[in-house]
Amino acid sequence: MTQANAPATPRSTLVITAHAGDFVWRAGGAVALAAARGERVTIACLTFGERGESAKAWREGRELAEIKEIRRDEAERAAATLGAEVRFFDAGDYPLTATAELTDQLVAVYRETQPDVVLTHPTEDPYNGDHPAANRMALQARILAQAIGYPGDGDIIGAPPVFYFEPHQPEMSGFRPEVLLDITEVWDTKRKAMECLGAQQHLWDYYTDLAVRRGVQLKRNAGPNLGLAHRTMAEAYMRPFPQIAKELA
Amino acid sequence: MTQANAPATPRSTLVITAHAGDFVWRAGGAVALAAARGERVTIACLTFGERGESAKAWREGRELAEIKEIRRDEAERAAATLGAEVRFFDAGDYPLTATAELTDQLVAVYRETQPDVVLTHPTEDPYNGDHPAANRMALQARILAQAIGYPGDGDIIGAPPVFYFEPHQPEMSGFRPEVLLDITEVWDTKRKAMECLGAQQHLWDYYTDLAVRRGVQLKRNAGPNLGLAHRTMAEAYMRPFPQIAKELA
Amino acid sequence: MTQANAPATPRSTLVITAHAGDFVWRAGGAVALAAARGERVTIACLTFGERGESAKAWREGRELAEIKEIRRDEAERAAATLGAEVRFFDAGDYPLTATAELTDQLVAVYRETQPDVVLTHPTEDPYNGDHPAANRMALQARILAQAIGYPGDGDIIGAPPVFYFEPHQPEMSGFRPEVLLDITEVWDTKRKAMECLGAQQHLWDYYTDLAVRRGVQLKRNAGPNLGLAHRTMAEAYMRPFPQIAKELA
Amino acid sequence: MTQANAPATPRSTLVITAHAGDFVWRAGGAVALAAARGERVTIACLTFGERGESAKAWREGRELAEIKEIRRDEAERAAATLGAEVRFFDAGDYPLTATAELTDQLVAVYRETQPDVVLTHPTEDPYNGDHPAANRMALQARILAQAIGYPGDGDIIGAPPVFYFEPHQPEMSGFRPEVLLDITEVWDTKRKAMECLGAQQHLWDYYTDLAVRRGVQLKRNAGPNLGLAHRTMAEAYMRPFPQIAKELA
Amino acid sequence: MTQANAPATPRSTLVITAHAGDFVWRAGGAVALAAARGERVTIACLTFGERGESAKAWREGRELAEIKEIRRDEAERAAATLGAEVRFFDAGDYPLTATAELTDQLVAVYRETQPDVVLTHPTEDPYNGDHPAANRMALQARILAQAIGYPGDGDIIGAPPVFYFEPHQPEMSGFRPEVLLDITEVWDTKRKAMECLGAQQHLWDYYTDLAVRRGVQLKRNAGPNLGLAHRTMAEAYMRPFPQIAKELA
Amino acid sequence: MTQANAPATPRSTLVITAHAGDFVWRAGGAVALAAARGERVTIACLTFGERGESAKAWREGRELAEIKEIRRDEAERAAATLGAEVRFFDAGDYPLTATAELTDQLVAVYRETQPDVVLTHPTEDPYNGDHPAANRMALQARILAQAIGYPGDGDIIGAPPVFYFEPHQPEMSGFRPEVLLDITEVWDTKRKAMECLGAQQHLWDYYTDLAVRRGVQLKRNAGPNLGLAHRTMAEAYMRPFPQIAKELA
């Protein structure tokens, strides 16, 4: 049977993040867009963010195990809202430490999910060392998963494009918007997913405002005749590897 | 009559270059691809490259006017081969000097051609100051052409994306391939256009080799299942402004 | 009479901007803070922003002279609200062209106002070439005004520190917040000054949101025990020259 | 009892360095200034510099333990001269290796000393890998110490500003003076502290010359009317995080 | 016996690479030139490239041990062709992990070979993490080998200049040609050495084309009257440390 | 007559500077070394530094013409001391303005002197805009002088290497020492030339200290067995173009 006749495999997106909430704030729109197109989205959460991103729960006097459960529950509901599957690696945060074992687990995920697109943190974040650690493992595992000589189950992968989502303090992290993604049509879904994260309620409006601002920039940078909505919402990304194109646009 | 019912205006590409040969070596593939899709391509050559890029003719003892005619003729044949229109501004090269008048002429071209895409030189070139001068005028005119308050004929333009084509010594000019354009299907056309430039025959093979190398990199950076040809030819570009996207890919 | 006994000269701030509205959106808080301390603030507007920043008026069919008057009136009311004096140079915008004459006029302003602090645009702005042009003249005039050999009235100046205020698209303009200025106590004044700029009403909320976000970052970067207000408003600046300090803090 | 009525806690400075001598050459002025203001200064020396910075002692045939004692004694006398407390971690130099244990010890120091200011090495040094290793642990521990979820004794800390002191070859280490600290009034104390370091006598004059040169630059960058001494001595620092300000100056 | 009367020790070059083939593609010309001058060249191959650079062998179904033998044999023949000695550390590739033990082994090689020149990979390579890992160990070992306090056999070394050879995708790895080495006279030797690497036959022409292109750039950057051959072949290098010179040329 | 039999033309160095004193402070050692080897050195001083670098004379109440004469006289005596010829273009400083006419005069100097080496200011200097202006003209004229199509007397030139000498505040001007030139053997000559510049006596010791410090760095970066003097004096340079080499060293 030739490839043309094969039942189509839906496109696959792999999101690799340090903490349970990252995929919602930073890439919820991209995840919802892919899911809305019927594509598969797999989120690899290396930790629950149990120590570094759960200050409210610690102040309330909760225990470590309980906090992990809260974060897991929130993230699962947010992922379901967006239409994605989330997997937890429970590698321990603050600090998240890069290890050969964890990287190897990511190689297995790459080979299993065969991603067409990869999303992860950018290389720098002076306010949170877990984010660069996740970036390094995500990039290294992507390369190892391409090598037929690297052991493990599953087929080797190609060279899927990588996108870095926006950190909390972009100018301090060397982040420059290289792609502005129009998420207007899935904005309500992203907002609902954010509202699953009860522990960080102060961020709901913060990331709504960010989407408005990136939307203004999208319109400012868009070519003519795009028929953009009055209120365009957007997410910003960087591309560490060259874009492959059939047409300049 | 609504926009949906209007007779479609073909997409428009504007290429702004310093010298007569630049659009062939550096962007001939992109030009041929657009033309092959039935789009309009307009090439604005600010000079003929009569002083700085015509050493052979000077060594043969030719006069300035004659050299300009040779370069004009070569460029017109190359443009016709690619399927584009070329216009000369005869602004004088070596050095090409940025002036308000020349910039204003470019504003008029922007407003007339209403480009969906703009191609020009990158910002740096330590081996040829005319290239950055062309870049500066191309970018400034694009901004002025957007302003309703800037006088002149024609409608204002939107914010068409800009692509910088590859300079002769990329690593010395801060050039990093951000877009790799697959030009395999129009490669023969680009080669024929290069062969119109008899004065620079030594560059035919040089730029063929470059297309091969950029093609190797394209394949190295491409995702899986793209069905790329065995010998992929490519051109490299930079994007000074963010890409606007409906999907990450 | 020794310096200690001299009647105190109030501190002086000089703001050099390209267009009539820039000092409000980008530095209104710093201006209001200085004025509230009883200091002198002089704003040098090189143009009215009559071509590039007045799209609404052009769309309403107004004439150039009329538009200049509108912008002048708005800017004067905004400056008065902030407690500053504004001067117009009417040098023509879009493009603002750096000239020796205009630079010389700025030297005269430096020598007359003897600034303790200088505020101006940063060096890059891919969306508006007038801003970098204003930056270049502001910096050059500051150096010339220091030289006893440069002709003109008034005493030479020292080396006042320079601050670059935030451009509209900071990440695209190489802008990194190096100073976060707490403007909470003058926020209402800045908002009132913004509301003087009727032609750009869509920016009122945009720059309010920006002040909130920079305030969040201020709190995130502040040391302990600062007693910050719940809702801190801030403006971001860069420092092109080293800070001179008696204490690290 | 409200904070306003509490007996004032003196300001606290924490200096984290790789080797025993670093705090003297690079930050002795800042340390002496803080001590002269009655503040607490704690110096965390991760190693004695016993292998990499003690060539003279090795050439004299001394043993490792003896060399450590020499360096400890020198550093303690220098710290006492400056008015600071020094603590040794004896983590082993050349190479100093970043470990979770050592980082955790630094978290404890942060929480105990509750620093208002942190001084450490910059991120790069192609001539000595121990310096960047100390930088990485100093920055990571500062973030961990802020998290209520990170275990350990003591209260969490705020976000104290960080200053990088000057490396031995600043231009090769990406060092740009962002703060010039006037240390004229404590210069004699710094010189006396340097003279405690008998093993590196050749550096006494080297770092005196550096202080003169940084002083010349301070005067060159200072605003008018500062009443600077004829011979101003200075130290240079970088600021990796934004300055928080109530006033631009 | 004074140094002047000592039998001359030939100059020594040390090449530190991640994989078995690197020294051929990237530095074969420099190696052959040194050998042709009668100098000693030692190549330290940290791994055989058995997992990451041997896709063909894996596809043929070979075993790990067998693949290592193939790569070892190829590299030994290539080294012999160039006139150099190659040593294998068998540290395991994909990923090559920096360890204190491996770095210590490199210190021993430095002290044994007393290199006058060191060649290694540059600091970045987004396509292959083993190359930066080799770079880090090569640089760290060079510093440790200079310290009399670092234990081990052999004399300490001086500060030999370091050259980074060209990565496979130079623009994506921050590589800028800072030295263009004329390898025309040993080109045939380099080509023969490349042809020893049967597993990567597709690279023979790729690296021949690269040598032509670097040769064109060499001629473009050469001063007058150098009497260069019509077809100059070259290799490009970076210098991370300053050049020491008796004359500007 | 073949080139081999022709009477040897001595090597030629061209130094292009903004002000009368620059070649002494910044490149006096390189000039003296070349002259000591019997080479020709031509110094093109675009201005006398009459407004920006002659504060003492202005404070003494001297007239413009008189100040120019003082500076000319000083520079001529310094050049004679170093063994070089100096030419003045009297283009006016503070600001030095780049013009087509002045650039054309420099083209003529290039073609007349046929330099083997070119020395000039680096591209940035936030403290003195004349230095970057001189840099731009020096680089542009070098390119124009290579073009057979650019009119004017004399033969076209090759592509002589360019070296940027050190600015007054290197870290603030993006200056990184890429070449450290050993000037120990001509140090006394450079000191004597500096002492010809009576108007800037405060700089004699400043630049002596700089030479000591660059000498320390030279020794720190030198390979083994160079037999360096105890007190090595050095000047630092940058190379904007790749070095052409026959050997890595």
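We call the chains A, B, C, D, E and F, going by the order they appear; numbering starts again at 1 in every chain.
We adopt the following convention: a residue touches a chain if its C-beta (ideal position, glycine included) is under 8 Å from a C-beta of that chain, and two chains touch if they have at least 3 such contacts.
By chain, UniProt protein names: A, B, C, D, E, F = PIG-L family deacetylase.
All figures in this text were calculated on a predicted structure; none of them were measured in a lab.
Listing every chain that touches chain A (PIG-L family deacetylase) and chain F (PIG-L family deacetylase) alike gives B, C, D, E.
For the self-contact between chain D (PIG-L family deacetylase) and chain E (PIG-L family deacetylase), the two sides draw on mostly distinct residue numbers; the shared fraction is below half. A centroid comparison over C-alpha atoms places A as the chain most distant from chain F (PIG-L family deacetylase). Each chain gets one centre point, the mean of its Cα atoms, and the points for chain C (PIG-L family deacetylase) and chain E (PIG-L family deacetylase) are 54 Å apart.
For the pair chain D (PIG-L family deacetylase) and chain F (PIG-L family deacetylase), the distance between mean C-alpha positions equals 38 Å.
Between chain E (PIG-L family deacetylase) and chain F (PIG-L family deacetylase), the centres computed from C-alpha atoms are 36 Å apart. Counting partner chains per residue, chain A (PIG-L family deacetylase) has residues 127, 172, 177, 217, 220, 241-242 touching two or more of them. Under the stated contact rule, the graph of chain-to-chain touches falls outside the line, ring, star and complete shapes.
If you check the complex, the residues on chain E (PIG-L family deacetylase) that touch chain B (PIG-L family deacetylase) are 127, 169-172, 175-177, 206, 209-210, 212-213, 216-217, 220. On the side of chain A (PIG-L family deacetylase), the complex with chain B (PIG-L family deacetylase) involves touching residues 3, 13, 30, 33-34, 37, 114, 116-117, 119, 157-161, 163, 177-182, 217-218, 220-226, 236-237, 239, 241-249. By the touch rule above, chain C (PIG-L family deacetylase) contacts chain F (PIG-L family deacetylase) in their complex via residues 100, 103, 139-140, 143-144, 147-150, 240-242. Those residues of chain F (PIG-L family deacetylase) that touch chain C (PIG-L family deacetylase) in the complex are listed here as 50-52, 54-55, 58-59, 67, 94-95, 97, 126-129, 172.
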